[in-house]
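For reference, the structures are reproduced in the following blocks.
Two complexes are shown next, each including chain A; its partner changes from chain B in the first to chain C in the second.
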Partner chain A sequence: MTGTIFVIQLLNALFYAAVLFLIAAGLSLIYGVMRIVNLAHGSLYALGAYVTAWAVGGAVGAAVAGTLGQIGLFLLLPIGAIAVGVLGAVIEPTLLRPLYRRSEEYHLLITFGLLMIIEDMLKLIFGGTPLTASNIMDGLGSISVGALPYPTYNLLVIAIGVAAAVGLWWFVYRTKFGVILRAISQDRRMAAALGINVGRVYVQAFAIGCFITGLGGAIVVPAQAAVLGMGVEWLIVAFVVVVIGGLGSLEGALVGALIVGIAHVAGIQFFAEIELAVLYLIATVVLMVRPTGLFGRA
Partner chain B sequence: MLEIKAIDTFRGPAHILNGVSLRVDRQEVVCLVGRNGAGKTTTIESIMGFLPVRAGQIVFHDEDVTSLPPHERAKRGIGYSPEDCGVFPELSVAENLMISRWLGDEVVRRRNGGPRPDPEAQAFELFPEVKNLLQRQGLHLSGGQRKMVAIARAIMLSPTLLLLDEAFEGLAPVVVNRFIDAVMKIKAMGISILMAESHLGAATRIGDRLYAIDRGEIIFHGPPKDALADEKVVKALRG
Partner chain C sequence: MNLLETVHLKRYFGDTRAVDDVSLSVAEGEFVSLVGPNGAGKTSLVNVVSAYLKADSGTILFRGADLTHASVTDRVKAGIARSFQIVNLFDDLSAFDNVALAIFSRQGKTVNLMALAHLDRDVTAEADHVLAQFNLSAKRSELARDLAQGERKLLDVALAYALRPKLLFLDEPTSGVSTRDKGQIMDTIASVVRGEGITAVIVEHDMDVVFKYSDRIVVMHQGAILAQGTPDEIRKNEQVAMILIGSADAFARKD
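Coming up: the complex of A and B.
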């Protein structure tokens, strides 16, 4: 492998890891605070992708893209994330809250049901044709890596992933709301006894977790089309990430995403036939050696 | 200030409290004594709102709080230090205290809007050693340190009533004296205290009044010295 190919594959791995991190971080934030394994996360990611693709496509189709310019199209990017965040703020109090006192099987059942419902709603609303927001990617052009072109937009996605990791760390460990989130995740009864409205924080945490995942979908759609089934596909890989990193840990989501991102790209480069098997092998080894993941708590 | 009127509380299917009534007045230390399993913690948790009350009423500052959730009771000025201390293990002591300080502003605003006594000064006056623990994680505190942090944290909420569940349990006799001093200082700050306590001796040293509970029913109410002389109370506590 030449130096140029190595750099391009490294960037591809970071691109993949950036998107995976956003999905896994949302999943971990929700689990960390509320102890809910949200299987609907995959379809929420897909919803973020579809809404952004729909908004960008609509702007281009209505010929307002020229008026909006490239910056205007960029501003449409977070629409998918906002839509998913708002949906999360509706889902938590209506569908999840009545089940907190029940065992985990009920959480899995309701979130799996939601996964299916949202998938079908996507099919109903957006149809079976893949949607794309490639105008954003095309508008940014490419840079040269050695003698080969590389999409500039991919670098932007990596930058968003890095910014999200730093921003989330700051949010959780350096803000008042972050301290409250961590307190609730450790002892919600005591948090309530200190005057914290746990129900309200749950809605906010769930909405933030959904927003982050929706952002993952929104930033991937200029590079990859929004297609039916993408939610389940990414959800499975996101679970590999959290199994490796430890469910409930932001650091784990970051390290897990980097490991999976590099293993995924290396797998495609060197042993494409068993690329997925390699990911599961890594997850299996981590589970055997450290069942709570690299950064997980017992 | 606090009046519990004939409450019935269940834990799952088990009927734990049966018509429990008690009262705590302003700037008063009231002890609720009883054996393990008598219903002390259930009474405290009913007041805090963790367990729903099936019958009866809980009135705090002339307001019926029976159906309010725990966080609303805290905002009305009920501080709480549970039996297991409830110190957040992965937060630093500073972060544990910070939460109360933030929310204490709302407690004072709701009460009268007047100036708030410096919550940190109050907490450190009780337990100066907590100052040296600020950067330590809750996980790495000893049992006595956890109890100090739990009480300091409850005080930083600027409550008018403090619920202490087994505050002296597991402490060495010399440390118990420190905690008794702290309870007296809290009372001098104008804060009323309701303590659940297993040991009649400790309760009689600090309580202005005393309730004895056995099998979910109040079997005695009066001055501590009378409790010591009451054969029924002593027998119920010894088992």
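Coming up: the complex of A and C.
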């Protein structure tokens, strides 16, 4: 029995880590390329969750499920990610671009302002009632782990997390766009001097970072309801992840998400009262030993 | 027609005349060396022509087109590339990625995300070819930061060369390199530049290098052109020897 519980808790940790990785990877990508700490990131995650929950769990989902069945719902799942990606493509050139030359306080101020605006927009559009897309999760049923049932959908989320990690690694280290991203992240002026259109790459990178985060929100709502305040809650944990892993590092986001995922689940199991405190403690130790994070460069 | 022509180019820093009324012509396929004592304005002239400094007055004509007010990016597109006195590489990228980057930017296909999704065979083949031309094939996968100084110098020139410029400025391509490696680096650069018919303008202090590789030598002093001519003409010019070495028969004695 203890073995069964261990396996289930491990799966729970991986589930949590998969979602966290998507948020932290988006945050790190945006910081790595344009050196902006995007405080609105959690709200973009929440927006992805709300849009998918609204589409899949609402009238649209019912109509699609009526004609295409369960597959239709899966096709509808990424809609939150797409919506957030499109919003990112609008935000970067209009709100962020004028601020690159300013100091970091301005970046923090405008992205914090964005966070508040998006949070209020969510309340205005979707109301205060939590939304879910649990029809996807219910449709997939469960598998047995030992003697206990475990939702099949959670395994799908873990698989998406793994696929996203592999896909992002390939994207950053094995594609033309990845080479350009890494070059701009090292020296923006030199890349521009080579004739690379830095402005265009910025829009694309920001939109991709938003898309990844939106995807995190989209895949979480079949399992957990979209609620007001979820954006800030996840943003804080995502910051713990990037502090541990190193802001701007893809490997850091992955390892950080795994550490936080495991610590989170172990915390709930063994010392629920101080679960969050343990996360901060880990982050503090990393900050003292390696201020740039496990994979970060000064 | 001359590839590059500067007409009465001027750039002052306060009272310092960094570039003082320079009218210089460079013909297609020429290998020109800019020499002169420290502070003679060689690098300033290169900076003005490659748009890293604005000209106070005068005109820059490149293949007949007026580029005086064009940006760095526009001049790269027109066919002017340069390397720097201090090596300018993407340190955390491999030698291969550094060259590939220059090739992408030349191709200018940064519009379509799909076109960026994979490293196509053409780019890979070209980047490998460029590395081979500069004797860097063995260092393909090493990070730029891990290369030896001489290799970094060559990679820096390879990056500028991968832009397929018509005119290549090299600012002290052998500075900070041991005397033993100097000849090898210059041989490599000269064979690529001559082999591909690229016009090159180099800033260089080592007169042995200058005499050996140049078609024409331009001597600058206090921002202005003091003399120009073939290596033989410059070698015999006592005024030049006086300024560069401080002795009228400095070059003659070497023969």
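As a convention for this text, the second predicted complex is superposed on the first by the 291 of 298 C-alpha atoms of A that agree within 3 Å, B and C clash if a C-alpha of one lies under 4 Å from a C-alpha of the other, contacts with A are read in each partner's own complex, and residues count from 1 in each chain.
One rule holds for everything that comes next: a contact is a pair of C-beta atoms (placed from the backbone, for glycine too) under 8 Å apart; a residue touches a chain by one contact, two chains touch by 3 or more.
What you see is a predicted model; the values in this text were computed from it and never measured.
Chemist: Report clash or fit for the pair chain B and chain C bound to chain A in the combined superposed model.
Modeler: When both complexes are placed onto chain A, chain B and chain C end up clashing with one another.
Chemist: After the superposition on A, what does A:Q204 contact: first (chain B), second (chain C), both or neither?
Modeler: In the superposition, A:Q204 contacts chain C only.
Chemist: Based on the superposed arrangement, let me know which partner A:Q70 touches: chain B (first), chain C (second), both, or neither?
Modeler: neither
Chemist: Of the two partner chains, chain B (first) and chain C (second), which one does A:T2 touch, if any: first, second, both, or neither?
Modeler: After superposition on chain A, A:T2 lies in contact with neither partner.
Chemist: For A:F177, decide between first (touching chain B), second (touching chain C), both and neither.
Modeler: Only chain C; A:F177 stays clear of chain B.
Chemist: Would you sort A:T129 into first (chain B), second (chain C), both or neither based on which partner it touches?
Modeler: neither
Chemist: Which partner chains sit in contact with A:T284 here, chain B, chain C, both or neither? Use first/second/both/neither.
Modeler: Touch status of A:T284: no partner.
Chemist: Is A:T152 in contact with chain B, with chain C, with both, or with neither (first, second, both, neither)?
Modeler: neither
Chemist: Would you mind listing the overlap between the chain B footprint and the chain C footprint on chain A?
Modeler: On chain A, the overlap between the chain B and chain C contacts is residues 176, 179-180, 182-183, 186-187, 190-197.
Chemist: Could you pull out which chain B residues touch chain A in their complex?
Modeler: Those in contact with chain A are residues 48-50, 69-71, 74-75, 80, 82, 86, 88-91, 95-96, 98-100, 102-103, 106-107, 153, 157.
Chemist: Along chain A, where are the residues that touch chain B in the complex?
Modeler: By the definition above, chain A touches chain B via 176, 179-180, 182-183, 186-187, 189-199.
Chemist: Residue numbers of chain C touching chain A in their complex, please.
Modeler: Touching chain A: residues 72-73, 76-77, 88, 90-93, 97, 100-102, 104-106, 108-111, 113, 115-119, 123, 159, 163 of chain C.
Chemist: Considering the complex alone, what residue numbers of chain A touch chain C?
Modeler: Interface residues on chain A, with respect to chain C: 174-177, 179-180, 182-183, 186-187, 190-197, 200-201, 204, 297.
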